[in-house]
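In what comes next, chain A is part of two complexes: it sits with chain B in the first one and with chain C in the second one.
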Partner chain A sequence: MTNNLGPFTTRRRVLGGLAATGATAGLATGLGTRFAQAQSSAPLKLGFQLHRTGIGAAYGRWYERTTKAALKAVNEAGGINGRPVEVIFEDDGTDAARGPQVLDKLINQEGCELVFGPLFSNVVMATAPRAAELKIPYLVCSETHSVAAGKLNRWTMQPGITDVKSQVRAVAPFIFDTLGKKVTMIYPDYAFGYDHRDFLTQAAKEAGAEIVKLLPIPVTETSFTRYFAQIPRSTEVIYHVMVGPGVLTFVKELGEFYGSNHPKLFGFIDSLEAVNIDTPSLSFLEGTHFWEGDCRYAQPDETEFDKAYRKAVGVNDQGAAINDPKEISTYAHMFSCWETLYVIKAGMEAADYKGPQDRQKFVEAVEAMSDMPASMQHPQGAKRFNGKTHQVFGHQNISQVKDGRLVRIERTSIDAGLYPDETDYTKMSF
Partner chain B sequence: MGFWPIFLLALMEGLVSAAVLAITAAGLSLVFGVMRVVNVAHGAFFMLGAVGAWFVTTYVPGPPALVFLAAMILAPLCVAALAGLADIAVLKRLNYSPDATIVATIGLLYILEQGALSFFGPSARPVPAPFSFRIQLPWFGYSGYKLAVVVAAVVLLAVLWLMINRTKAGLVMRATQSDPEIARAFGINTDKVYAGVFAFGAGLAALAGVLVVPIQQAYYLMGEGPLLMSFIVVIIGGLGSLRGTLVAALFIGLSDGVISMFFSPTLTEILATLLVAFVLIFRPQGLFGRGAA
Partner chain C sequence: MILLLDTTPAIAGAALAVAATVLLGAWAGWVPQFRAWRLASWPGTGAWPSWAGFAALVFLLSVGRFGPHDPLGNLLPLTVWTVIWVAMTAAAALLGDIWRPIAPWRGPVRLARRLLRRRGGVGLSRLGHWPAVAGLFAIAWYELISPAPSDPAGLARMVALYWALIFALAVLEGEDWLDRGEALTLYFRLTAKIAPLWRRREGTRQVLHIGVPGAQIVAMAPLAAAEVAFVTLMLAIVSFDGLSETFFWLGQLGVNPLEYPGRTALMGVNSAGLLAAWALTTALILGALAASGHGAARGPVGGGRAPLLLGFLPIATAYHISHYLVTLLTRGQYVFTGLNDPFERGWSLLGINDHWASFGFLSDPRDVMLIWSAQVALIVAAHVLAVLLALRLVPGGLRTHLPVGLLMVGYTAFGLWLLATPSIG
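Here is the complex of A and B:
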């Protein structure tokens, strides 16, 4: 035996080979007929960077379910390029330090073709440079503006959900024209919150409105009343967006502080994502407004796509799990996983993706995408992808709480959220 | 709002944090005072109390107030039993050596947190308050339950003080604290006292967790903040001095309310940590401590 092939290496290789053979054989017997036309019927492995634990856990649970539902639908329809698809989920603890490690593990140990799925921008910012180093397509579901701002790289794309800048620009006219022109902002004290702060401030300037007070709150905060005392009396509208385990406490204490005699409230549903709003302690929210990416409550004019998507993920008309009505989904955001998986499918099929050697072709294929009509692939609605900025733009929903339900009162156009390009990734080298 | 309403709100918020902190830190102080064990897992017992309250309020049927009362009894009892077990299984075998017990309780902290993550899950889950009424002042509203927490804490601490100073169990604890060898010579089974005190301290942390959970939510990492604050309070008050702990809790809690209201919550943590550093330099035995043994 040669020196560079120790017994351990050999054993691992043999075991790996056995496992691969077993997996292939198992799939071939079960799915052989369905995937018969594929040149290779070996499953295509995709990595999912999942916030299963840590401050993003409420989202993680639903991102996993949504992705599994999408995966089932994709495989039932023949997979990608005729190959069955597997998604490997790996927990990053919503921790920036673990982000790149998870990417490494998914690529080098699990043998995934690409990685997708992270929401929290701290994880995205930490992981994207590693994706570029390894030359791995990295498709984020994060809403962060960093992608479109040109802060990341050629390998990082956001084809499944609109970024915060676009969301804010789309809803700002409603806030300033309908609710009021003196706004106090409450937002999480990290990158995601700063996107909100910067773009609403900018939009306020353009609309002749005024941000009277900025209240950044640490994501791990557990007590919020102390911040509310700083809200100026002149405030006409409180704009709130919070994330993390304390969101329910935040809104509850806002209610205790003001009762029903509060300034107008405009919240990003992030402040109440995965939280039941129909409870006595949140009754003060009646009549207030929220941004929703996708409407939690089934609206009277719900599209057939949203209806079918809702059913596939296992969510009822109130936005809760069908098998446990107490468990509220993160409906406003989680469509991004579903749509991103379908963008991956479309991109891989356009690039005739065969393996790691085609990763660059895949990125170019996604960059070539533009209009995405509302469909089973895009159940939240039509989207427009900008290949230069790697960012997708879609419709936003403004909902009002009526009788403890979120009722959509406005759906903005895609154009309302567009802004001039800030970068051109296609001019960057791979 | 003018200065005085904000100041009033700051004091109310401060009293609530002081109340919860006092109960938590009393447990930590007791364990250190009697056993000389620095219990790093104390925050995990706090968290287990809150998580236990979630289990009780979720699975026990009945009117909210009664169910919550049941949680106030059951959760601390279960946590105390678990802590007693940990004492017998781990700490006793280390002969309560200060260095070894720190490492052991760090291990215990990870086991309990990961256990909660496995069995309770990673989400923050709400526990309904036993009653909900809102007090409307001219300037702002306030949660009635939060004020009830302050009252409950005062009662609990009074009972604790009576127990330590007026009962046989308290006498045995104090005897073991002042000199374990002499106590043994007088026929006190100090092993039992140690296990009991460790369980009791953990039970106090759990009780604080139950009281706080309707205000916050049950979450597997919620013990970290209270642990740090309890250490700060116990060090400032004097390790092992219950009176010092209570005074320090009141001081830290109120200044937390006032400073974080008028400046920023981060500044509170900076100042409290700085205060600990000064106490350790200039008065290592703490404000009410009796000096190093």
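Here is the complex of A and C:
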């Protein structure tokens, strides 16, 4: 069977090609040169903590694809510091207890220089202390505010994706100024929902808007209509961040409850990541708004970088896999793996990274980063890294569902997502 | 996506269909003849297929040990948990016992006993099928509850250990002990009992038979106590595997399914849950049999007379297949990508690439409906067959068949609810 991606090059084949080049050079110039060549071009191994199985598997599948595509691009452009790069993927089962074990294995058995890639915050929170113990750079792709809130450590950084707090603050002006000032929030009744509740409530206070009702929904709920009856009539905007298998029922029942005459809706695409929104059961979403990290649908003004990135990861203009247009990618989030790998490359090159002895220098080099222009390294857009809080900031996209497609109607500035520092990791010891 | 389908009518309809079968069968006395015919025969093949199985095992262990770390890229976990545990179960339910010839012990055991000049046994056979019950529990625990059942290196160690243990015991006791004491051998023998095709040894020849599904069961001797335990464990395993992933179960444990901590944190409670599910399944089935005035009521279970229990064999198999149908359709694809490049060397033995596996069908309402329909059909068919078998095995009126019939109706609804309720699976 063939598909439109062309022959896929595995990491080993990428490495094989580079190694063969080295060997030929060695043969031509004698043994001494060959030894030097072998030493300087030994592959640089990076560990990826992958949610291959368990509840994070739908994300893990795309995080792996994205990382492999980025790895291919990095190696084709000469690797890191001239050395070929190898990424060792290790499944953590999306199991918090296995997180630290996977880190140990990647470092001590596989000889990786650092570890990156986890999304689920329970895994991140369980693994980060072990990374600090072993003094291993740990670069997460999680959106968790815990990094910037100072709950982690000097070795843990989030340079590839913005945190929830920044996302909520950046989109809040649009919600309050364009959609309405009286907001009812519907959110799952646990930490993820509380983050949204707290950050939006704070933003509302600052903007002179009003949260007229908070509607936490028990996480095991499967029927939602009785909660909708509690939405005040004065509500101008419903802000919803439901996640999990119940979300489709949630949207369907919300549509049945309101019909065509409903308040404005603003949601986070996290609810419908990897879900096709162009289906009859989700037609209620037509005209409603979503936050997107990266735009699932190719926009008319899509940058050349996003276009090339989209192609490299094997995703079509609808955000689905090129080889299976029914399979929607986790496009809003997965750029974080691509961008994190390029931050690793930039950090290692700035630190002139040679091996484990330079791990601290690497962290310091990343901490010294600030503006990252939109480029092939940052296809989602320009970023600004805050070395003190170990958190990156960037542009957010606000999209509206039009004819079953997500069409971007606003792109926030980097400044819109900034907030005062809550910690300074650079003052902590290594 | 399944949550968007209105599954309640199908569940109710399925339960009604099973109830109607009980009533019609018991009142009208209409029960089909379970006929069978001889199809063909050929000389026996000896132990060489088990040597082929042994060679495959050695290859798979080396892939597990030295191949990709990726549980979905390594042929060892894919073969154990997708090909053997799921696909071969389905194949055995259609084609008969395809495990016994290729099970990787018989040849090596025969050779070892010849070299050691060993005859006779050490009395293991006195334990009957109980070692197989223990083996099935261990396999199920490893798959359902241990933290990383698909981790290739860990699984390679476990499989090697299991093979060595069974090998040593069979060398001590003789190769015929494999049929009694090895869990997968008993598992596939029982699973294959509903197949419309089967082989039987007649002297030195293998004879192929064809018959109405269930024809083999009608001809079976009633199950021994350990076999009863084995069948109830088979039912409990799939039921608990489904249940343990539901939001309902996690809610009972006070675990937020959207912040699922992972398998490790739930090992203790799920171990207890599996045991409880087994105890409950056993109690319900034996209770229903006792209320029918058959089976357990005619003496202790150890007496081994429980003909009605044979009716539960199709149910165990159908639940297994429908429960793992989505696994088969998703991980089954990885078997091909695994074969394509078993050692992650950039090979393309089948001419496909890493992106070949695709899961878009899981978000297509029509495909999801198709899968759900197949699951409903399988479970209803199995229950109807079970009811008919019960009526054939134990003649009697409604009074006799009502307790087991009620249990079947309830179990149908429960089984389908498991497939349709929110879960983390």
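The working rule: the second predicted complex is superposed on the first by the 341 of 430 C-alpha atoms of A that agree within 3 Å, B and C clash if a C-alpha of one lies under 4 Å from a C-alpha of the other, contacts with A are read in each partner's own complex, and residues count from 1 in each chain.
Definition applied: a residue touches a chain if its C-beta (ideal position, glycine included) is under 8 Å from a C-beta of that chain, and two chains touch if they have at least 3 such contacts.
Just so you know, these numbers come straight off a predicted model, no measurement behind them.
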item	value
First (chain B), second (chain C), both or neither touched by A:N122	second
First, second, both or neither for A:E256, with chain B first and chain C second	first
First (chain B), second (chain C), both or neither touched by A:Y194	neither
Touched partner set for A:G54, first chain B, second chain C, both or neither	both
Chain B versus chain C as contact partner of A:T225, first or second or both or neither	first
First, second, both or neither for A:R233, with chain B first and chain C second	first
Shared chain A contacts, counted only where both chain B and chain C touch the same residue	52-54, 61, 222, 245-246, 248-249, 274, 281
Contacting residues of chain C [partner chain A, same complex]	1, 3-4, 69-72, 147-148, 150-151, 247-248, 250-251, 256-265, 341, 344-346, 348, 351-356, 358-361, 363-365, 421-424
In the complex, chain B residues that touch chain A	1, 6, 9-10, 13, 17, 117, 121-124, 126, 132, 134, 136, 140-143, 215-217, 219, 221-222, 225, 257, 260-261, 265-266
Interfacial residue positions of chain A with respect to chain B in the complex	52-54, 57-58, 60-61, 218, 221-223, 225-226, 228-230, 233, 245-246, 248-249, 253, 256-259, 274, 280-281
Chain C partner contacts - residues on chain A that touch it in the complex	1-3, 5, 7-10, 12-13, 16, 52-55, 61, 65, 68, 88-91, 93-98, 122-123, 188, 190-192, 219-220, 222, 243-246, 248-249, 252, 274-276, 279, 281, 314, 320-321, 323-328
